[in-house]
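Both complexes shown next keep chain A, but they swap its partner, so chain B is in the first and chain C is in the second.
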Partner chain A sequence: MSHHSSPAMKLLAAPFLLMLAGLVVWPLATVLIDSFSKSGAWSLGNYAEILMSAYYGQSFVNSLLISVLTTAIGMTFGFLIAVGLRYRKGGTRRIAMALANIGANLAGVPLAMALVFLLGLNGTLTLLLKASGLIDTFNVYSLTGLIIAYCYFQIALAVLLIIPVLDAIEAELEEAASLIGVGTTRFWLRVGLPVVGRQMIAITTLLFANAMGTYATTLALTSTSVNVVTIRISELVSGDVFSDPNLANAIAMALLLVLVVPIVISQLLLKGDKR
Partner chain B sequence: MTHLDLSAIGMRYGDNVILDGIDLSVAQGEMHVLLGPSGCGKTTLLRSIAGLVQPDRGAIHLAGRAIEKLHPKDRGIGMVFQHYALFPNMTVRQNLAFGLEQRRLARRVIDDKIDTVLEIVSLQDKADARPRQLSGGQKQRVALARALVLEPSLLLLDEPLSALDAQIRKRLRDELKRIQRQTGLTSILVTHDQDEALSLGDRISVMNKSRIAQTASGPEIFYRPADLFVAKFIGNANILTSDEFGRLIGREFDRTAVIHPHMFKIGKTSSDNSVFDISARVVEAGPAGNVVRYVMRASGIIFNVEAQTAMNAAHLVAGTEAIVTIDPSNAHFL
Partner chain C sequence: MTSSRHPALTATLWLAAILMLLPVLATFLNSIATGWTGGILPNGLSLGAYQTILTDGRFQSALLCSIVIAGLALSLACLLIVPAVIAAHLYWPSLDTWMARLVILPYAVPTIILMVGYLRVFSAPPLQLSGQPIVLVLTYVPLCFPMFYINVKNSLQALDTTELLEAGRLLGISDTRLLRRVILPSIFPGIALAVVLNFAGLMSEFVYARMLVGGQFETLQMYMFAQRDLSGRLSSVIVIVYFVITLLITFAAFRLVWRKETKS
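Here is the complex of A and B:
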C-alpha cells in the first residue's frame, strides 16, 4: 500500500494534474469568474438575464427537448441493433460496426449536406414522398430536422458503445434462459438489462451530454433559425451586433449545470444499487 | 428401456465435419458419459440434443417423442453449463423460480418445489444469496438445482466440474452421482477427464474425430478398448506392437497388445505354460503411496509396471534385475 502514496509516485501524477489544470480547471474558472461580470462590475446580472429572458429560456427548452428525445431514440435503437448484432457473426457484425463508426463521426457539415440532399426542399426523399402522396410538405430546416440529424450520430454512437457492454453477458446465460422457457424479451428485461444497467445509465448520460453540446451540425443545417443553447452561446461570443461574451459565459455555466444534474443523479442511483 | 435415441446425427460447418453419423441409445435412469479430447464433437452433440445447435440431419427421440425439430424449451431437457450460467442479478431462489414462473404455477407450488430441490443439493441456507456470494462448487449446485426444479426428462451436463479446483471437483463428483441416483434422472455428462468418466458413467461413449469410437461400461472401456485411440485415451496402458510383444514373450505374435501396468506381476511364477516370464531391468522406480510405478526394460523394450507397496517390504530400486510375468488372458489384443 505504502508505495501508492509515496512522494515519488505522487510526482509521477504531476504532468497529468498540470494538464488537467491547464485544459479544464483554468478555462472553467475563467468562464465562471467572467460570468459574474456585467458591464465591468461584479453582479449576478447575467444569470438574472438568462432567467428573465423567455428567449434564452426557450433555447434551453429546445436543447433539452432535442437531447432527451434523441437520447431516448438513440438508446432504444442502439440497444435493439446491438442485441440483433449479438446473434450475427463475422461479416454482418463488422459491416454494421464500420457503419456505426462512420455514423458516430459523421456530424457537422457533411451530415447537414447529406440531409439536405435527402430531405431538403428539393431532396430526393422529400420529392419521392411528395410524389407518392405520403406528405404534403417537409421542412428539414426545423426542430424536426435537427432531431432527425441528431438521431444519425446518437443511434450510431449508442450502437458503438452498447455492443461491447453486451459482450459481457455470456451466450450461456441466454442459452440457460431459453432452456428453462424464458423468451428473448423476458430475458433482456429481467436479466440482460439489469446486469448492464450501470453501463447503460452511463451511456445514456454520455448521449445526453453529446446532444446538449452539439453545435456544428446545428449550425450547418439550420444556421441560427432554431433556438438552441449552443447557437445562442456562439452568437454572443462572435456576433457583431449582440456580442456579450460574459452573458455567453453565464449560459455556458447554466449548460454545465444541466449536464451535471443527470450525472449526479445517475451516480446516486448507482450508489443505491451497489453490487 | 431406451429413453433417448439418437440416430445418424450429422453436422458440418463449411468443410469441417463436426458430427459424423452419431447413433446412440441411452437407457432410462442411466448416467451416460461422453468422453473425448477437445474438438471431438462431444459438446456439439450435447448441444444438438438440447436444441442449442441444429444438426443437419438425423433424428432424436426422447421418451418416444421426436424432438429434433422442437424449440429447446419444449424438449423437456435441463442443462448444466461449465461456467454455471447463473443469472447474476438474481438470488438463488429467483434463479430457480425464473423457469417455474414461466409455467404460471401458484407461488406456493413454486416455493415448495424450490425448497425440495435446494434440500437435494444441500443449499437450503443459501436461498437468498446472490451468485457472487457463492463458491464455485455452490454455484454449480445451484445450476444443477435450477435444472432439476423443472423436473426435466433428461439432464445434460456440459463439463460441469471442469471449472472447479481438484478437491471440490472430487466432492461434487460424488454428490452429482448421489443426486443422479436419488432422482433416477437420465443424464448425459460431457467430459475430457477419464477419471470423471470412469467414476460417474454407467456407460461411456468415447468420441474421436466426430464419431463415437466405443460405447460400453467403464470396466469394458478400460480393459477392452475397441481400438487404438480408445486404448491410448483411457488409462496409461502399455501399448505394444505385435513385434514388440512377440520379442517380450519370445514368440511370434500378430496383434497389438494392450497391457495395463498392474497386470504385470513381479516375481517368478510356477511353470504354468500359459504365463510368460520376462527378465527385465528396473530403469526407474517411483513409489507413490500404496503403489510403486516402475519403468522396466526387456529385450530393448521399455514398458510400465505397477505394483502394490507393502508396509514391511522394500520395493525394487532402479538398476535391479527382476522377473516379471504376464498372463496373456490379462492382456487385450487389437
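Here is the complex of A and C:
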C-alpha cells in the first residue's frame, strides 16, 4: 500500500527541490562559470590575478588570521561556558542560552555600533580605562577592534552549538570519575573531550566558516580599511571604480574552497565515527 | 555536583555574562544621557531620544519593511520547506539524508558568495528582478531551511510516524488525511519555533539587503547602517530598540520551547 502512495507523496518535495535548484544551485553555478571568464573569453586569468596579487593575497591572510584566532577563542570560551552550565538549574541555563542567542543575533551593524559606544574614542570603557591610567589610547576601528567584535558572536555561537553536544556525556560518567578521584580538568581532557571530539571538530569548522564569511560587522566597524576577503568581494561587485564582477566570482570561489575543504573533512570524520 | 561547581568555571560564566552585556550597557547609558562633560558619568538622564526615534517616520517604515519581508519569506518558506521535510522523513529517506547535510549550507556557503551569484541571476530573464524587494523574499527562503529542518525533524521523530501511518492504514485512513489531521497539528509547535527563530535571523540580515536591493528599500539593518554615524544619542537609541526587539523574539522562542518541554 505504501508503495502506491509514496511516488505521489514524493511530489510534496518538488517545490522545495525547485527552490533549491533556482536559489542555491543556479547562483552557485553562475559564480563558478563566470569565475573563468575574463574580458569575454574563457580563461584562468581571474585566478591567476588572485594568486599574483599581494593585495588579494593579503585579504585572504587577514581573513584567515582573524578567523583562526576568533575560532580558537570562541571554542575555548564556548566549551568552558558550556561545561559550567552543565547541571545548573534550568533558569541559569535558559538565561545563558537566551544571552547567547541574543549575542549571535546582535552580530552585524548593531554590534559594531555598540562596540563603538563601549570602546570607541569616547567609549565608556575607553574613558574608564584612560581615567584609571591603564591605557593611553585605544583604536576600535582596527584589526584588534574587529577581533574583539568577532569574538563576541563567535563565543555566542559556540555556546549555542556546544551545549547540546555536551548533553550527550552522561552525568553518571562524570560522577563516577569524580568518585575515583579524577579531577575536573583531567576528566574533560581524558574522557569528556575525546567522547565529543568529532562533533567539536565539526563545530570548529562552522565557527571558522562563520568568521570567514562575516561582512556586516566588518563593514560597519572598519568600513573598507581592513583588508578582508568579504570586503574585497563586495567592492568588486558594487559597480564603482573597482568594479570587476568576474574577479569577484573567482574570489568567491576561492573563499568557498577555503570553507568547504575543512567542512568536508570533518563530515568524513563524523561518518567514520558512526561505523 | 561535579564540574559545574568548579569555582573557575563559575567565574568564567559570570565574566562571560558581564562581557556579553557590557556593549549593550554602554550603549544604553549613552541613550539616556543628556550630555557628557569629560567625565565618566553623564550630566543628566532623559528618555527624550527614544521618543525622537520611535516617532521617526523613517524608523517606522524601516521596521515595517523588515517585518513584511521577513513575514512573506517565512510564509513562502513554510509552504516550500515543511511539506518537503515531512515527505522526506516519511517516504524518501535518501532525500532526508541529503537534507541533513544541507543544514550546514548557510555556514559552508556564506551569503556574500551567494550574493555574487544572485546579482547575475536576478539581472536577466526569467528572474529579472534586480533591485526589487521581492528579491529579498526569495533569497531569504534558503536561509530559513536549517531551522525548519531541525525543528520539524525533531517533532517528527518524537511522533513515531511509521507506527501512526501503519495504524491508520489498518483502519483504512488514507495517508493524506492522517497527515492533515494528526501529523501536521502535532508538529505545529516545531514549525512555530522555526518561524520565530528564523524571524530573528531575517531581521538581522544585511548582505542581501545592502547588495541586492540597496537604499531605495530600507530595511531595519540598512536604516541602522545609514544612521550609525548620527549623533551618539540617537544611534545608541536605535541599537537599544533593536536589542529589545531581539530580546522579545528570543523570549517568544523560549516560551514555545518551554511549552513543548512541559507537554512532553
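Everything that follows uses one rule, which is that the second predicted complex is superposed on the first by the 245 of 275 C-alpha atoms of A that agree within 3 Å, B and C clash if a C-alpha of one lies under 4 Å from a C-alpha of the other, contacts with A are read in each partner's own complex, and residues count from 1 in each chain.
Convention: a residue touches a chain if its C-beta (ideal position, glycine included) is under 8 Å from a C-beta of that chain, and two chains touch if they have at least 3 such contacts.
Keep in mind it's a predicted model, so treat the numbers as computed, not measured.
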Please indicate which partner A:F16 is in contact with in the superposed arrangement: first for chain B, second for chain C, both, or neither.
second
With the two structures laid over each other on chain A, which partner does A:S178 touch: chain B (first), chain C (second), both, or neither?
both
Does the superposition put A:V83 against chain B (first), chain C (second), both, or neither?
second
Counting only touches as set out at the top, which of chain B and chain C does A:R190 meet: first, second, both, neither?
first
Please indicate which partner A:V261 is in contact with in the superposed arrangement: first for chain B, second for chain C, both, or neither.
neither
Using the touch definition from the top, say if A:M52 reaches chain B (first), chain C (second), both or neither.
neither
Looking at the overlay, what does A:E170 touch: chain B (first), chain C (second), both, or neither?
first
Please work out whether A:N210 is in contact with chain B alone, chain C alone, both, or neither, and reply first, second, both or neither.
second
Does chain A have more residues touched by chain B or by chain C?
C
After superposition on chain A, the chain A residues reached by both chain B and chain C are 175, 177-178
Quick check on the complex: what are the chain B residues that touch chain A?
50, 52, 71-73, 77-79, 81-83, 85-90, 98-99, 102-103, 130, 132, 143, 146, 150
Which residues of chain C touch chain A once you look at their complex with the stated criterion?
1-4, 6, 9-10, 12-13, 16-17, 20-27, 29-30, 36, 39-40, 79-81, 83-84, 86-88, 90-92, 95, 101-102, 104-105, 107-121, 127, 138-139, 141-142, 165, 169, 174-175, 200-201, 203-204, 206-207, 211, 221, 224-225, 228, 232, 235-236, 238-239, 242-243, 246-247, 249-251, 253-254
Of all residues in chain A, which touch chain C in the complex?
1-2, 5-6, 9-13, 15-17, 19-20, 22-24, 26-31, 34, 77, 80-81, 83-88, 94, 96-103, 105-115, 117-118, 122-125, 127-128, 131, 152, 155-156, 171, 174-175, 177-178, 184, 187-188, 206, 209-210, 212-216, 219-220, 230, 233-234, 237-238, 245, 248-249, 252, 255-256, 259-260, 263, 267
Footprint of chain B on chain A - complex, ascending:
170, 172-173, 175-182, 186, 190-191, 194-195, 275
